[in-house]
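So, here come the structures, one by one.
Below, chain A partners chain B and then partners chain C, in two separate complexes.
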Partner chain A sequence: MSTSTLTRPVPPVAPPKRRRRNTGPNGGGRDAWLLVLPALIPVVLFSVYPLMQGILLGFTDSKAGLNAVVSFNGLENYARLAGNELFWNSFRIGLVWAFGVTALQFLASLGLALLLNLDLKFRGVARTLALVPWAMPPVVIAIMWRLMLNPSYGPINEAMRTVGFPGDINWLGSFSTALPAVIVVGVWAGMPQTTITLLAGLQNVPAELHEAAAIDGAGVLHRFWHVTLPALRPIIVAITTLDLIWNFNSFALVFVLTAGGPGGQTMLPMLFAYNEAFRYGEFGYAAAMGNVMVIVISVFLFLYLRGQARSRLS
Partner chain B sequence: MKRRAALAAGALAVAGVLTGCAFGGGGGTSSSQEPSAEGPVTLTFQSLAFQDTTIAATKEIVDSWNKDHPDITVKLQQGSWDNVHDQLVTQFQGGTAPDIIHDESADIAGFANQGYLADLKPYLSDDVVNAVSKDVWSTVTAQDGSVVAAPTLMQTYVVFANTDAFAAAGVPLPDGKELSWDDFQALAKKLTADGKYGIGWGLKSPTATVMNLALGFGGTFFDNNGGSSTIHVGDAELEVPKRINEMTYSDKSIDPVSLTQSGSDVLPGFFDGSYAMYVGGNYVAQQLTESAPKGFHWAVLPPLAGSEGTMQAANPQTMSVAAESKHVKQAAEFIDYFMNPTNQAKLAEGDWLIPASAPAREQVAKDTEGKNGWSAMLASGESLTAAPFQSAANYPQWKDQYATPSLQKFLANNISADDLKKQLTDGWAAVGG
Partner chain C sequence: MRQTTTTAAPMASGFAARRIGRPLQYVALACYVVFLGFPLLFLLLTAFKSSQELLSPNPTFLPESWNFDNFAGAIDKANLIRAATNSLIVAVLTTIIVTLISLPAAYALARFRTKLRTIATGWILLSQVFPFILIIIPLFLVLKQIGLINNLLGLVLVYTVWSLPFALWMLQGYVAGIPVELEEAGAMDGGSRLLILRRIVLPLLAPGLVATSLFTFIGSWNEFFFALVLIQDPKLQTLPLTLARFVGAEGQVQLGQLAAASLLATIPSLVFFAIIQRRLTSGLLSGAVKG
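For the complex of A and B:
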């Protein structure tokens, strides 16, 4: 998907030239391999190796214990996992969280990006301010929001009281509001990168198209729908895909905000797997949960990207 | 100019780190006066002390040990109660655990079963062994009979009272040897008025509190027979959560919001008079003396008593040695020193906790003259017993995954007592209890 967007503007002569150079009679391809090697070593050492280790761990009975013997147990972990109601419940919560945060994040960021794209006064300041949440580590964001949402002293309840709403909502403590409140914090924390990406995309929408559409009598909404959105589509696909992965895998924010409580209402699958490994010492079982999460997310992404590719072709 | 100074400071810092690294491992090779047979050793000791007074007391003990023992240097590390379990799991697995480990008995049972903790029995002196009751020793004894830790300080759940609020409401402070739950409930009702609640109770993690206080009604939850445990949840076990639920939703004398918060989140409400009483661990007394606003007067009420008495579980803080430590003997010697009554009394007074060692308790009573609630707290320490839940193998997982969520639901009035009973029992089966 991203390759198609990248190659489109390249002049048609360039690719054959490059290909010829790579497969030239001097064995340039092999030399290039040598040049890439120093960069590859850290990738293999620090990414590929731990990743493989993690995947393999999901097929063992690794457990905490002095001199514990680890042996492969095939699909036993997965059979056990299939019957683990708590895990699937947390999986459901994880999907609500990931899709909820991604969708709301996209809508809010698109609005903000359109706003920041206008020729406003203090546009530079506003654009910088929009980046602020990005500059904060998730743990700090979570602590800050925990103070904001404090039921007795938090400014949010205080503000609601002053405008006459009931100001005694126990945001993170009551069963019905905990997950929505956490989702709102997730949206806030993740907005900057989505906004900036969409803003960059908006600046690449050719002004001539807008002009032409305006001359043809298209209103603001029509131009947005028929000019801006189609031009933005590759960017939208890329950023929502990435957001979905990031959000599903986010950990620190919710860990600090609620640690999965109350009553397991915000127990995301990541938190669940973390507890399994680092509280109960079931490393193999926890790695199996990680593998399942990777597979499920891959399936969602595959379906989503295929759908996008089809609609682009049609 | 400024920049050059900064650079020089940076260079100095780097040099400091480098020399620190170079000499840290050797344990002061140059200054060893009487090297033992194995040569000088350095031990790491991870302390979880978090109140300033206890951190200072711990440092003092370590410093005096290092002065007397040039060949066994103890290096103090700071850990945190919040994540000590996760940290130890990782460190044990990676072989990087500190030599001397500070934790609590309910948390180390699993590590003991996994073989990560050394047996201290051969190293502890008779004085240390005899100072602590058999019941408390049983909380740090593994299934195979090895002693995996030395018990240091114990906490009980006590009721703190804002004495000014009592005076304003014209309610006399209860005295006597114990405070029955019925009286406690009536007291809370009397102190609830004008949008203020009788009690603020931080019960975000309710399981430990319930397990402890249930003993007063004879609620033991588990039967342990040789490695495996069975659960039983009956009227005695459910009495405490039922009463808390009743006080919150029928009497309306407990602030329901406080039930979803941690103890430290509730403390400001106790300070500003929103709650006349506050239930928490007795270590909170240190925070009261440190951070209460001027003119805030408080007292510790007599220990809460159920139908069976004031029993609570002895869940002492512990000092263990990692089995993989290269110097188990020296580490155990330090623990033996750490356990002497003077040191234990110093720590107990810093943390407002009850020493497991009887001579240290006497020392504390003498030092404090029983003031500031100390007599009530030391009294509550006398009825601490070993509780079955401490030896139930899958207790930590059951607590996280089933007991805490269902108790939270029950205390939020979302499920009935029958549902609670069912979830607790089914949960134990699900974790393979």
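For the complex of A and C:
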């Protein structure tokens, strides 16, 4: 579920090993369905069904308004999208954002997880701090960073002035800095899940492997590269995949930070589609964008996961 | 989280490496603490600064005098109480409903080997890939038809459906962690299934149930996108909506109030998160990663 809009929990990285299951005295199958039914009905009615409908809407000319007649218009929406430069631009920004945040998040989180896995003092403080963004509403995170990046009052400009740089940069308001600034905020907001998942993975790397490598004379870096990283690989693939999807579909953070501005420089695809749907009432068109987003993200995931599977085999 | 000794001390490559390594590690850790903690500290300090102070050309880091005007002002101006009440209603109802319907389903998923399990897992993963725009438009149309737009119940419905898959997944993990043997022993002693569930499973499941429901609560309390689309009436706005609107109207003078309101809105989920933190990081993952 949980969507990038509800708070995102750490994903279960691998399904728990099956325990011995009691199939029950009377078959179990029917019992199971009965127990699942109260959960199944709302999910089918209010998420599977609307999702199917949403995909279909992408092939219609549906618009907001009470009595609008909806008719299928085939691929017309997609032809329109193909010619819409703003849309392509938004897609490019979305990909830069998603890959940028995911990559930086991964590196930052891996570093932090490695530190937290050492026997350092104060690591409790760092661990708690690393978890806090998880509990904060994305809207509050955005507000907080608007304060941080505020051109006149914000401490970042203040610090730059102290060091002697021109400290009057409008981080979120100028063309060149808006997207990088937003990406930094995205990294901050998404670190908890990634860090905790990687830390859990690190703690499961068998110590014997390290000891064996150390006896063979491998240095710290060498062991990290040849022991830790390969052992972590499945977890790294899982969490970066999820991060990529979440980031590509994220909305609230950037909506509050910049609302897509300045001049569309941070107009993520989700914001673009939201505007089309609920500002201009172009339901069919917006749904078509959603469909394109699904396809694009699926293609990237497919390539990424296949690449990972291949290099594991070789 | 538990610090296991598995990889805690891989630094066997001699004293030299350690002597250089340790300080560097502390420097790196300090950088992380600043990066993660400074924005929080700054938000906290801003909330206590007076408007004159915020306007001053030479701002000081600490507030000159700690005052609570911003909190009072924010509560007053932004209708924080009303928004918090709306958020509370939605989050509590969602949590209750999700817990009630996911409990039996989680039990079934964990204990019976059926196709349901595969389908449920598939759906959880699949539902991540689809952007919300695809689901919100038809949902908006449906809810409009049955009069649940601009209605907190409509929001509860949407949150319930979207919290369910993950709540289910978490809960079934906790159920799977309860040894089946306990139930079998109960059955041997002649207990009915219902009695076994109530006397044996439920008490053991309680911590997991608490964690799952708090998680659902935080999710609904923090949620923004669905609320933005489904609630237009200012009287029905939830906290994130109210805060986001407040942002648009921010002048230099309002920064303090904005910070104060943000802090207040974060407190409930922070408190709840502190309660489940340990369980989330160790419990959930020990089930998920180690198997």
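Note that the second predicted complex is superposed on the first by the 275 of 314 C-alpha atoms of A that agree within 3 Å, B and C clash if a C-alpha of one lies under 4 Å from a C-alpha of the other, contacts with A are read in each partner's own complex, and residues count from 1 in each chain.
Everything that follows uses one rule, which is that a residue touches a chain if its C-beta (ideal position, glycine included) is under 8 Å from a C-beta of that chain, and two chains touch if they have at least 3 such contacts.
For clarity, every value in this text was computed on a predicted model and none was experimentally measured.
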Which of chain B and chain C A:Asn150 touches, first, second, both or neither: both
Partner chain(s) touched by A:Leu110 [first = chain B, second = chain C, both, neither]: neither
Which superposed partner A:Leu268 touches (first chain B, second chain C, both, neither): neither
Contacts of A:Pro38 with chain B and chain C, given as first, second, both or neither: second
Chain B versus chain C as contact partner of A:Phe278, first or second or both or neither: both
Chain A residues touched by each partner, larger count belonging to chain B or chain C: C
Partner chain(s) touched by A:Gly65 [first = chain B, second = chain C, both, neither]: first
A:Ala98 touches, of chain B and chain C: first, second, both or neither? neither
Footprint overlap on chain A, where chain B in one structure and chain C in the other make contact: 150, 152-153, 277-278, 283
Complex contacts: residues of chain C adjacent to chain A: 1-13, 17, 21, 25-26, 28-29, 32-33, 35-40, 42-43, 46, 54, 59, 61, 100-102, 104-105, 107-109, 111-114, 116, 121, 123-124, 127-139, 141-142, 157-170, 173, 176, 179-180, 183-184, 215, 218-226, 228-229, 239-240, 243-244, 247, 250, 252, 255, 258-259, 262, 265-266, 269-270, 272-273, 277, 280-281, 284-291
Chain A-facing residues of chain B, complex: 85-86, 89-90, 92-93, 110, 114-116, 204, 257, 260-261, 265, 268-269, 274, 323-324, 396-397, 400-401, 404-406, 408-409, 412, 414, 430
List of chain A residues in touch with chain B within their complex: 64-68, 85-86, 150-153, 168, 170, 172-175, 261-264, 275, 277-281, 283
